[in-house]
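By letter and in written order, the chains are A, B, C and D; residue numbering begins at 1 in each of them.
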Amino acid sequence: MPQRIRRIAITTGGGDAPGLNAVVRAAVLSAKRRGWDVLGIRRGYEGLLDPEKLVQLDRESVRGITHLGGSILGATNKGNPLRWPVKLPSGEITAVDRTPEVVANFHRLGIDALIAIGGDGSMRIAHALSQQGLPVVGVPKTIDNDLPGTVLTFGFDTAVGVATEAIDRLHSTAEAHERVFTVELMGRYAGWIALHAGIAATADVILIPEIPFDIDAVCRKIMEREALGRHFSIVVVAEGARPVGGEMVFQQRGDGPSRLGGIGELVARQIEERTGKEARNLVLGHLQRGGSPSAFDRVTAQRFGAAAVQVVADGGRGVMVALDPPEIKTVPLADVIDKLSLVPLDCDTVKTARDIGICLGDSWEERGVW
Amino acid sequence: MPQRIRRIAITTGGGDAPGLNAVVRAAVLSAKRRGWDVLGIRRGYEGLLDPEKLVQLDRESVRGITHLGGSILGATNKGNPLRWPVKLPSGEITAVDRTPEVVANFHRLGIDALIAIGGDGSMRIAHALSQQGLPVVGVPKTIDNDLPGTVLTFGFDTAVGVATEAIDRLHSTAEAHERVFTVELMGRYAGWIALHAGIAATADVILIPEIPFDIDAVCRKIMEREALGRHFSIVVVAEGARPVGGEMVFQQRGDGPSRLGGIGELVARQIEERTGKEARNLVLGHLQRGGSPSAFDRVTAQRFGAAAVQVVADGGRGVMVALDPPEIKTVPLADVIDKLSLVPLDCDTVKTARDIGICLGDSWEERGVW
Amino acid sequence: MPQRIRRIAITTGGGDAPGLNAVVRAAVLSAKRRGWDVLGIRRGYEGLLDPEKLVQLDRESVRGITHLGGSILGATNKGNPLRWPVKLPSGEITAVDRTPEVVANFHRLGIDALIAIGGDGSMRIAHALSQQGLPVVGVPKTIDNDLPGTVLTFGFDTAVGVATEAIDRLHSTAEAHERVFTVELMGRYAGWIALHAGIAATADVILIPEIPFDIDAVCRKIMEREALGRHFSIVVVAEGARPVGGEMVFQQRGDGPSRLGGIGELVARQIEERTGKEARNLVLGHLQRGGSPSAFDRVTAQRFGAAAVQVVADGGRGVMVALDPPEIKTVPLADVIDKLSLVPLDCDTVKTARDIGICLGDSWEERGVW
Amino acid sequence: MPQRIRRIAITTGGGDAPGLNAVVRAAVLSAKRRGWDVLGIRRGYEGLLDPEKLVQLDRESVRGITHLGGSILGATNKGNPLRWPVKLPSGEITAVDRTPEVVANFHRLGIDALIAIGGDGSMRIAHALSQQGLPVVGVPKTIDNDLPGTVLTFGFDTAVGVATEAIDRLHSTAEAHERVFTVELMGRYAGWIALHAGIAATADVILIPEIPFDIDAVCRKIMEREALGRHFSIVVVAEGARPVGGEMVFQQRGDGPSRLGGIGELVARQIEERTGKEARNLVLGHLQRGGSPSAFDRVTAQRFGAAAVQVVADGGRGVMVALDPPEIKTVPLADVIDKLSLVPLDCDTVKTARDIGICLGDSWEERGVW
C-alpha cells in the first residue's frame, strides 16, 4: 500500500525548455488537490543543500505561468550534489559527494517524495538519490529529444516550430538573392530538431550527427538544383554534425557551442569555396529553447506534471514518466541514464526525407543504402 | 511479389485540413523518384467519373506547396460515387452507385493504385473501391482527430494551436472586463480539440461531446472563481457538446453548425442568466481548418505521403497509413470505417484536466468518478 | 512656470486594447524617475469615488507587463461620474453628476495631475474634469482608430494584424471549398480596421460604414471572379457597414454587436441567395481587442505613456497626447470630443483598394467617382 | 498635360525586404486597370541591358504574391549601369557608364516610365537615369529605415516585429539562466530597428550607431540590475554600434557584416570580462529581412505601388513616393540621395527609452544630456 504523502518537493534542473512552468503548475495543482504541501527547490538541487533556496508553492504561486518560458524555480544548476566542487586548503578544486546531506535534509524537512524535472544530468542525480532510498519521480526535459524511454517530451515541438518558422523566413531571401543559407540548429548528439525542422521547412540538405556528411555530396545537391534553375539552397546543420572521418567542431561553452566557427559557418565556407555560390550562415541558438511553449508542449508538460503526482500517490519511485502516445507510462530511471536516443537511420522520417529528395549528406543512392 | 507500378492517382476529399498539400507533395516526389507517373484527381472522386478533372502531377506542380493551406486538388466533394445523385424523369432525386464506372475508368487509364487522402467519408469510398478490386491506400485526414486506427493525424495540431492562440488572446480581455467568454471549437462527435486547446490555454471549463454537461456544475465553477477574486472565466465548448439529457443543438449546414444559436451561444446565455455575469461567445469556425500547417503537421503529412507510396510499392492495398508514434504503420480500411475515435473518459489527459482544476461539466468529485 | 508635481494618478477606461499595460508601465517608470508618487485608479473613474479602488504603483508593480494584454488597472467602467446612476426612493433610476466629488477626492488625496487613458467616453469625462480645474492629460485608446486628433493610436495595429492573419487562414479554405467567406471585423462607425486588414489580406470586397453598400455590386464582383475561374471570394465587413438606404443592423450589447444576425451574417445570406454560392460568415469579435500588442503598438503605447508624463511635467493640461508621425504632439481635449475620425473617401488608401480591384460595395467606376 | 502612357517597366533592386512583392502586385494591378502594358525587369537594372531579363507582367503573374517574401523579379543586383564592371584587355577591371545604353533600350522598347523600387543605391541610379531624361518614379525600400524623405517604408515594421519576438523569446531564458544576452540587429548606420525592437521588447540596454557607447555605462546598468535582484539583462546592439572613440567593427561582406566577431559578440565578451556574468550573443541576421510582411508593411507597400502608378499617370517624374502619415506624398529624388535618415537624439522615442530606464550606452544623466 502506498505510503501516505504529506509533502513533496519539485525541482527543475538544467537548461531552459519551453514547458517547464507548465509542468510545475500542473504538479502543484495536482498535489494541492490531494491536500499535499509542496516545496519548490530553486536552482536545481542546490536548494536541498541550502534551505534558503526552498519556497512554498501554492495555487497562487503558479498562477498564469503555463504559457511562460523559463522556470519560476530557475533553471541554473549551480552544483551537482554527486560531484560538488570543493576548494582544498592547497587551493586545488576537488569534488565531493554531498548526496548524504541531501538525503538528511530531505528527511529533516519531512519531504515524502521528490519530482525532478530535468535532462540526462538531472536524471542521473535523481537515480543516485533514488538508490540512496529517496522516493524520486523524474520528468524528462530535453529540447534535443535525445532522452531515451520517452517518444517525445515537452520543448522539442516548440524548438522545431521556431526553427521551421526561421527557415521559412530565409527561403524567400535565399531565392531572391540566389544564395545558399546554412542554418545551424540545436542537436549536439541527436539530429531530431534538424531532421524535423528541415523536413517541415523543405530544406534541401539536412546534416545530422547520426550521418557523418560528405561535403561533396552536399555541393553536388546544390549544383543539381542550380542546373534545374533553382539558384538557392537551404542547408540545415545540427550543431553536432560532422564530416566523414571528422571531429565535432564545436567547443563546449556552458550550454552551447561557441558561436565563433560553429559547424554551420564551416559548412557555409566550404560550400562557397567549392561551388562559387554565396553562402550565409545563421545560428538560431537560444531562440530554440526560450519563450512560450507551443500548444502541444503545454499539453504534454501538464500531462507529465499531473502524471508525476499520480505516480507519487500510487507509491511509484525510481521511475521517470514518459510519453508513449497516446498514453503516459513510466520507465525505470536506471533504464534511461547514460544513454542517448538517436535518430534511427532506418526510421520512416529519414526515409521520408530521402524520398522527397532531401540530401542527408551521404550518397545513399549510389551505395544502395536506404 | 508486388506488382510493378507504373501509374498512380491521388485524390484529396472532404473538408480542408492544414497539411493536405504536404501529403500530396511528398507522395508525388516519392512516386516520381520511383519513376512512376502520377495523376491528380481534382475535386474528390469526381475526377474518376470525369476525366477532365484529371491532372498530371510532377515535381514542378507540387513546388513550394508544403506550407500552404488548402489543396491544389481542391477539397470539394461534388459527389460520392457510392451514392451519386441522379434526377429521375419524375423530377425526384435518387442515388445510384457509380463505382463500376470508377473501376472501369481506373483500368482504362492504366492506374495501378490510388492514394485516397480524406476523412471518414473518403475512407468509406476507398474501402468500397478496394472491395471491388482497386488497389487503394488511404491517408487519414481529420481536424477533429476522430478517425480510428491512428493516434493522431495532420491538421489537428494546427487546429489546436490556432484555438489555443485565440483563447490566449481572450484571457486578458476576459480579466480586464471581468467577464465570461465561451469559445466554440470544432468537434462534432469527439472533444479532442476542445480538450487539448482548453488545457493548453488553461480554460476553466471544457465541455466535450463525450461528457454531457450539467449547466449548474459549470456555473458553480464560475462562481467559485468569483469567490476567489477571479472575476472572469473561459469556457471552451466543443460544437458537439450537449447538456445531460439534451440533444445536440447544432443544425448541420454542409460542414459546420449554423453560426446562429450554436451551443457556445446557448451556454453563454445560460451562464448570463444563472450567474448574472456578462458572457460573450466566440465561434472560431473555419479558422481552425485553414491556413499554413504547423511544423508537426507538415512533418506528419509528409511522412504519410511518403509512407503511402511505400505501401503501394510494397503491394499493400485496402489499408490506411496511420501514426503509432514514433512509427508509421498500416491498418485495414475495414477496421477504421463507420467508427469514431472518442476521448476515453479515463485517459490521462482527462485526468490531467480534472487534476489541475478544470471543470468538465460534470460533478465527478461528488460522484466519485475520476 | 509649471507647478511642482508630487503625485499623479493614472486610469484606464473603456474596453480592452492591446497596449494599455505598456502605457501604464511607461508612465509609471517615467514618473518614478522624476521622483513622483503614482496612484493607479482601478476600474475607470470609479476609483476616484471609492478610494479603496486606489493602488500605489511603483517599479515592481509594473514589472514585465509591456507585452501583456488587458490592463493591470482593469478596463471595466462601472460608472461615469458625469452621469452616475442612482436609484430614487421611487425605485426609478436617475443619473447624477458626481464630478464635484471626484474633484474633492482629487484634492484631498493630493493628486497634482491625472493621466486618463481611454476612448471617446473617457476623453469626454477627462474634458469635463479639466473644465472643473483638474489638470488632466489624455492618452487616446481606440481599437477602431476613430478618435480624432491622432493619426494612429495603440491597439489598432494589433487588431489589423490579428484580422489579417485570420483572413489569410480563410483564404486557402475558401479556395479549396470554392466558397465565399464573409468576415465581420470591428468598426462601428469607422472602417479603418476593415480597410487595412482587407487590403493586407487581399480581400475581394471590403464594406465599411463610410460607404453604404449595394449588395448587387458585391455579388457582381463575386460573379466576375467566378467567370475568371476564381471560385471563391473573401468579403470583409465592418460591423457598422450598412446597405444603401439601410439601417445599421447591429443591436448594441455592452461593447459589441449581438453575435446573432450581425451584418456579416446578413451579407453572407444575401450572397448565397443571389449568387447560389455557399457563403460562410466568421465574426472575429474580441480576438481583435485582446492579447499581446504588436511591436508597433508597444512602442507607440510607451511613447504615449512617457509623453503624457512629460506633458504633465511641462505644465500641460486639458490636452491629449497624439501621434503625428514621426512626432508626438498634443491636441486640446476640447478638439477631440464628440467627433469621429472616419475614413476619408478620397484618401490614398481607399484609392489603392479601388486601384487593385477591391470592390468597396459601390459602383464607383460607373458613377465616375474615384 | 501628362503624356499618354502605354507601357511602363518595374524593377526591384538591392537586398530583400518584406513587401517587395506587394508593391509589384499593386503597381501591376493599378497599371493594368489603366490599360497599360507592364514589363518586369528581372535582377535589378540588368534587364535594361539584357532584354532577355524582361518579362511581361499581368494580373495572373502577380496573383497571390502579396504575403510572400522575396521578389518575383529577383532582388539580386548583378550590376550598376552607372559603373558597370568591364575587363580591359590588360586583365584589369574598370567601370564604364552604361546609362546611355539603358536609355536607348528604354526608348527602343517603348517604355514610357520606370517604377524603380529600391534602396539608396537604386535611388541614385534612378536619379541618374532621370537626369538623362527618363521618366522615373522611385519607391523607397529599406529595412533599416534610413532612407530620407519618408517617415517610414515597408519592411521596417516586419523587421522590428521579428526582432521583438526573438528578444521576447530570449527573455525567459536569460532570467532562468541568470545571464546576459546581447542581440545583434540590423542597422549599419541608423539604429531604428534596434531602438524600436529594444523598446518593444523591454531591453535593458540599446546600443545604436548614433550614440557611441561607453562599455562601462553598459556594465554599470547590468550591475545595477544585479543589485536589484534581476540577475539577467538584454542588450540590443545595432550592427553599426561602436564604442566611444572606436571604429565600426564589422567587415563588409556583400550585404552584411561578417558573422564572425560582429559587434554583438565583442560587446558580449567585454561584458563577461568586466562583470563576471555569463553573456551569450545572438545574431538575427537575415531573419529580419525575409519572410511574409506584416499587415502594416503589406498595406504600406500596396499604397506605394498604387501611388507610384498614380504619379506616373499624373506626369510625375524624378520623384520618390513617400509616407507622411496619414498621407502619401512625393519628394524629388535629388533630395533623398546621398543622405541618411538617422535617429534624432532628441526625438521622443529616444527620450522614452531613457525615461523608462533603458541605458543607451552613454551617461546622459551625469552629463545632463536628455
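In this text, contacts are C-beta pairs under 8 Å (C-beta built on N, C-alpha and C of every residue); 3 or more make two chains touch, one makes a residue touch a chain.
Being a predicted model, the structure only gives us computed values, none of them experimental.
Fewest steps needed to get from chain A to chain C, stepping only to touching chains, is 2. Chains touching both chain C and chain D: none.
Put simply, the chain farthest from chain B by mean CA position is D.
Mean C-alpha positions place chain B and chain C at a centre distance of 36 Å. Look at where the CA atoms of chain A average out and do the same for chain B: the two points lie 31 Å apart.
Rounded to whole angstrom, the centroid-to-centroid distance between chain B and chain D, based on C-alpha atoms, equals 43 Å.
Listed for chain B are residues 168, each touching two or more other chains. Taken together, the touching pairs link the chains into one ring where each has two partners. Put simply, chain D touches chain A in their complex at residues 15-16, 20, 68-71, 74-76, 162, 166, 168-178, 181, 254-256, 259-261, 265, 278, 280-283, 285-287, 289-292. On the side of chain C, the complex with chain D involves touching residues 25-26, 29-30, 33, 64, 66-67, 151-152, 157, 160-161, 163-165, 168, 196-197, 199-202, 294-296, 298-299, 302-303, 305-307, 309-310, 324-328, 347-349, 351-352, 355-357.
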